[in-house]
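One chain, chain A, links the two complexes that follow: it is found with chain B in the first and with chain C in the second.
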Partner chain A sequence: MKLKSIAFFWVSMSSLLVASCKQRSDDSELQSAGRRVGSFKGLAAVETTIKGRIMLPNSYFDLAQYLGDSSEDGLPSLLGAYDGRPGSSSLQNATPNAVNTMLWQIVMDGAASAIATKACSGGNELETHFKQAAKKICDWPTGADDRAQTLREFWLDLMRYDAPQAEMEAWVGQMTASGGSVATLQGQALVKDLTQSILMNPFFLLEQ
Partner chain B sequence: MRRTSLLALVFAFFAAPMACRTSNEASSAKDADDPWAKQAWMNKAAKALLYGSAGLSPSEANQLMPLSKDEIVEKFMSDPRFYETALDFNLFFLGLKQEKLRYSPDSDYKSEVFSERTAAAAAMELARNGDYFVLFNWKMPYALVGAPGTPNTPEGQTTFTSDEQKREHWLAKAKESLDAWIAEIESSNDVNALCARYLKTNDEEDDFEDYIDNYGLPDELRTAFSKGVKNQIMCGVIGGQVSQSASIKQDLLAEAKSYRAGLATIPALFDGLTKKIKSPADLNVIAPATVPTLKDEAFEAFSTQMWVSLSNSSTNYNRKRGAYVLKTFFCDDLTPLNIAAPVQHSENKHASEPACQACHYKLDPMAGFFRDRGIVGINFASLPFHLHDDQLKREGTDLTKYLASWKAPQGSTRTWDVGYVRSSKKESLNSYGESLNDLFKTIRDAPESKTCLTKRLAEYMLGIGQVYDGRWVDYLAKEFKDAAKPTAAPGDSSKAFKKVVKSLVLSRTFSTPDPVKGKCYDFAPDSEPSGLPCEVAYIVEKNCTSCHSGEGAPKGLDLSSWKTLANGASGFVHIDETSGQQLGRSASLTRIACGLSPTEQCGPVKLMPFNKEMDAVERATLYKWVQNELSGGGQ
Partner chain C sequence: MAIHLSRRDLLQAGVALAATGFTRRLSAQGSSSPHFFLQVVMPGGADNLYMFDSRPLAFKAAGRVANYASSDPSVWEGTNGGRCLASPFADALKPYKNRLAIVNGVHMPPGFEGHDQNVNALLSANPFGGKYFGPFLASSGRPLDFVSLGSLFGANVSNKERSLTMSARIAPGLADKAAQVGQTTGESPWRQWVSARANACGAGDGMLSEGCRGYRDGLLASQALAQKLTKTKVEFGADEPEIIKGAKVAFKYFTEGVADVCLVVADGFDFDTHAETDAAKSPELFTKLFQDLAGLFEALVKTPFDAANGLSMLDVTTVMISSEFSRTHGQSGKPSDKTGTDHNPQSNMVLLAGKGIKGDIVVGESDLDALGADGNFTNVSGAHKSLDSGLLKRMGKPYNFDTGAASSELPAEYKLDNYISAASVINTVLSGFGVAKDAWVTNDPSRQGGEKVPAKPLQKILA
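This part shows the complex of A and B:
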């Protein structure tokens, strides 16, 4: 089915966890291999980033809602937050571990679903350029657009230049490969899959 | 998309005048070969300099491609969002970083942003090319005020059609309420009854505070009409006992009359306020003299929230507050190091233990600046008692004994052993004082605070955990140090801030995608990497290598030479005096650690550098690096 997409996703997930488990010198090895290591950016920063990139100003977008009822039990703070106490300007709970990585997966699954629903139903809250790129993907396999190019535009709308060009090309290659997401999924499901794979990428989620 | 980028590049090549080519010409040439690298840098610079920016879209990035990096930084720094970045950094520097500055993109700044006055004031000064170093002020010469709100509609009142009518209504009600309260105080001698009324009115029925709340004044002005904390304490809000002070009635009357006079100034004040605050440059500045209730306001740097968080219990003798100042303004996290400290402060067994003196020799004198500040930061200097945050009350001999903890020894030229202590042996290096004004003047003048400011700015812009060459940080910090000289103009500190930010964003560390945390990328002009581990190279060269260098160095330790040892590990050249052989990495580092912090386990070892002073933060940095190397962190 969408095995390659799942594999890509788990490579991203596991690199987040590897970053948390290794020593500093190992981090350096990972970094020199072109991987991002470090802490999560935090819930508020990620929310602002997504809103700023693909939503129209003043649109409602709340990542914590995807944690369900637990969002009122302090769970969002486990995704990286400033506690606001004087003398403490460091992001708390931002070092990747099994629990917060799983929570990010839950949040991004919900967010990607919501974004895909809006994108394929012509939602008014989405930024125009992203809406157009997403709409082309929603309409696949109809449409005569250059798929690799549309995927690059979709990636750049969400990721901007946070990741190296090679990362974008690798992602496009994965998604368009035989048996990849583009070949196995359609419409809303495909947009959700593509969105989630970008949102869970270490270059999107981790501080430089 | 790539075609567009290439076109932009071709345009840039022909259109950019030679005069625009700057020192980053070499990197521009590299950018021409790799447009993605420049787009990535621009995207990162936008996020770093423009508060709330999500980065650049491809079309935004393409528009900027013809500009040099220097011009792009200048462009970003002229955007109002840059001053919000400065505000966010100021809060970060003060250890008060918030998730967001505003409640929503269109709203005013959060009250937490205003409550820490110096952060907002320094951002505003920066936007106006004024004195950025108000960040180091204890007292502010003005009140900073946000945008006003809209007045509430009185319950059941439907005839009011304008906000002006509503405001007039609430002002009249406030005047009426205060007149009644003043009459009540004047006609009564029952202090207990007056205090009960003073403390309860807010809960049980509307009073002038509620009417002012409804008026729509910004929070910062509204609180100027709130009941005074001191009077609440004197009336026994804490502990439930009305103080026996005979002045309570007069104090309550004075406060009420002050508020009554202050009400008259509200309409004019309100009309003069900027109604929409788009950036720190738009903040309203109110001179205290224009509002009678603000005249006596201290306008101190610490908010009530700050005082509550940095509480002073009856046993910590203000050390929490002292530690905050050392960490925040001097980057001294009080790493416990065993260095001789002959002076004993504070009546407290822990502080007098030799091992604990390592921190207390500088922590206790710093805490002494806060000696008169009790519960929620109230100044008890003029009161016959002192109330701690844990509600322990000191008076009489107990109070005398508490204050004696910071009395200078007999024969000293100063009254108090209070100050910023750099050396436990050489008093002439220390900056002594008595008051919080003295402390913050020391912070403003001290070179260490400028180095600390630079380090925090580097952390904020380049990432926490990234290591830097110390000489480079010192080189950048010189901008701030020069701006703090008595001959400098107030606006020089703002220029220095912008210059340091620009240097950081144009640095190699910033330009490198995902820089390796343990590697230094930038060095001061005319200086090359020495081959020593870059995190500590400058500290070692500054403090150690004048003696420990070359063959025949004391104790066989050559700290100017970091080499690959026989077993493949890296270490200093360190010849064991007995065997004449190179010491193993671990043994060598352990001896170095002992020189920096001679513990009992070290045996008879002299504190290094021998007979020389070493900056406490530098000593701690070097010691922590050695410990990290010993634990395998650097290998």
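This part shows the complex of A and C:
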């Protein structure tokens, strides 16, 4: 019975997702902002999102540092950036391809590493709720918390509701499975891997 | 950081790369023979009066043509009997005359005078934009269809999913970052998860799913790309021109298999000389331009592609150089020694060179090339007057595609198919790469229904 419910939930969510894709395909609001469903959100937008969700106000957080280049027409421009023409709202290099995907991996590797370091060292730049969830994970395998529930809190702090709930449950299932990240990694390495698996999720990086 | 690819990943990546959906080069055409395409665009509307479609200073004295050069042009004659008047600035390219095909009198789509519309026409033959012809020249298996070194802001290109727009100056940094990816190894559980989710998300038919598929393919191909990019480190000299920087990067990308097609934007020139003060600076502007172009050809000739077989980059690369349009003979009501110039899409100029192109060739001519005793232009067709009653715009003469010569006919009515057009030039390049005709472009891309007939290519300049 439980399996049936889960299957129904997955099918429902998948249908919703497909329907959502179709409805969004002519999203005039996105298009008028030069953005396109299915394209990368761009470095600036992603940085703002991460800061707003897990960092305390006025904390320093700069994704471009992981590219070693913060100039507007430099490497960050390859991750989805406005073309710089006065009055233009065209987002360049935002369609996913091998180059921008490679650079997103580098950026998110650096970001996840920094977040994991802060989280496991009790860094006071992190937002309180996220810091508490991350700290529990840092301390695994000690601690008596409900791991699946802690992972959900961690996911929701970073992803919020950008992804369907089914995506979160699938993530929790994958991470806690035998041979998954929770079983194979610990401490800072685990937090980094979990963070990167969320930050690199298409629902986090791509416009919807 | 860690990027680990299984054999299955690599197989999937190969399938993804192979299934990009373009009518690419015919494999039978060139077997595995390398063939690259380097397009140099001079944005802003470079006046071909200062290049290879000049006019004698006597035309200025007669008050007909604004010309800020201080000496007369000279005759530049091709081995095919075609000829043109080359400005004094163009002398810098004389050492490469035997490799150059000059195409004058190229009609951009009539009725469209804007920069963006004509840039679109230059790339796709359609003033509203569409598929850039560059990706059709790429062989399958390259990580990117094309790289634009510099930005053509107004271009509306619909097939740029697997492309990159970047300043040439960041290429060294990109190579460094790629090396960072390539040097690290090991397992990364997150990556398998993300690849699986991108695959699941890509199963639908909406735009998000389309993006997820691109993301999945990007993840799969990124490791192989990183290995290629690692080898593309270039060094730039102090004050090196953008054209040369772009060419250096393009050569690396060609050689290392990153892309077969690069578009270099010749930034740093103010060709849009509406103001008299800007037009008056044309001699300095074109002196610098031709210095840079000579530097480009020097680099093409001197950079080895396959030293063992004596092949230079020019031997394996088709080069196309042009602006989106030319400029008028002046502005209405202003004296020819004190005027700016406006847009003229009726007679563009294109330089072609390199692999597949016959050198020392001149094809196409423009009108308004003769003055009567009264100082007025002679031999002006009704077709010209219907488009430009003020006779401020040189216009390409009709062209006989069979003989390869400009026609002296003076048609009463305008019909684009009788002239060299942007579509003709594009189809010439497509033909030179052996691209199947179903990818060729037409002079009338917006026509609804009926058979779309591709514009005739310039077969006479193809080797």
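FYI, the second predicted complex is superposed on the first by the 165 of 208 C-alpha atoms of A that agree within 3 Å, B and C clash if a C-alpha of one lies under 4 Å from a C-alpha of the other, contacts with A are read in each partner's own complex, and residues count from 1 in each chain.
By definition in this document, contacts are C-beta pairs under 8 Å (C-beta built on N, C-alpha and C of every residue); 3 or more make two chains touch, one makes a residue touch a chain.
Just so we're clear, the structure is a prediction, and the values are computed from it rather than from any experiment.
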item: First (chain B), second (chain C), both or neither touched by A:Arg36; value: both
item: Comparison of chain B and chain C by chain A residues contacted; value: C
item: Contacts of A:Glu153 with chain B and chain C, given as first, second, both or neither; value: first
item: Which superposed partner A:Tyr82 touches (first chain B, second chain C, both, neither); value: first
item: Touching partner for A:Tyr161 - first (chain B), second (chain C), both, neither; value: first
item: First (chain B), second (chain C), both or neither touched by A:Met102; value: second
item: Chain B/chain C common contact set on chain A; value: 24-25, 36-38, 84-85, 88, 90, 207-208
item: Chain A-facing residues of chain B, complex; value: 1, 36, 39-40, 42-44, 52-59, 61, 91-100, 105-106, 112, 305-306, 309-310, 324, 327-328, 463-465, 513-519, 632-635
item: Residue ranges of chain C touching chain A (in the complex, touch as defined); value: 1, 3, 143-144, 151, 153, 160-167, 170, 173-174, 176-178, 180-181, 188-191, 193-194, 197-198, 201, 204-212, 214-215, 217-219, 221-222, 224-226, 229
item: Chain C contact footprint on chain A (complex, rising order); value: 17-18, 20-22, 24-25, 36-39, 67-69, 73-75, 77-78, 83-85, 88, 90, 92-93, 95-103, 105-106, 109, 167, 170-171, 174-175, 180-181, 184-185, 193-194, 196-197, 200-203, 205-208
item: Chain A - residues contacting chain B, complex; value: 23-25, 27-28, 31-32, 34-38, 42, 44, 48-53, 57-58, 81-82, 84-90, 129, 149, 152-153, 156-157, 160-162, 164-165, 207-208
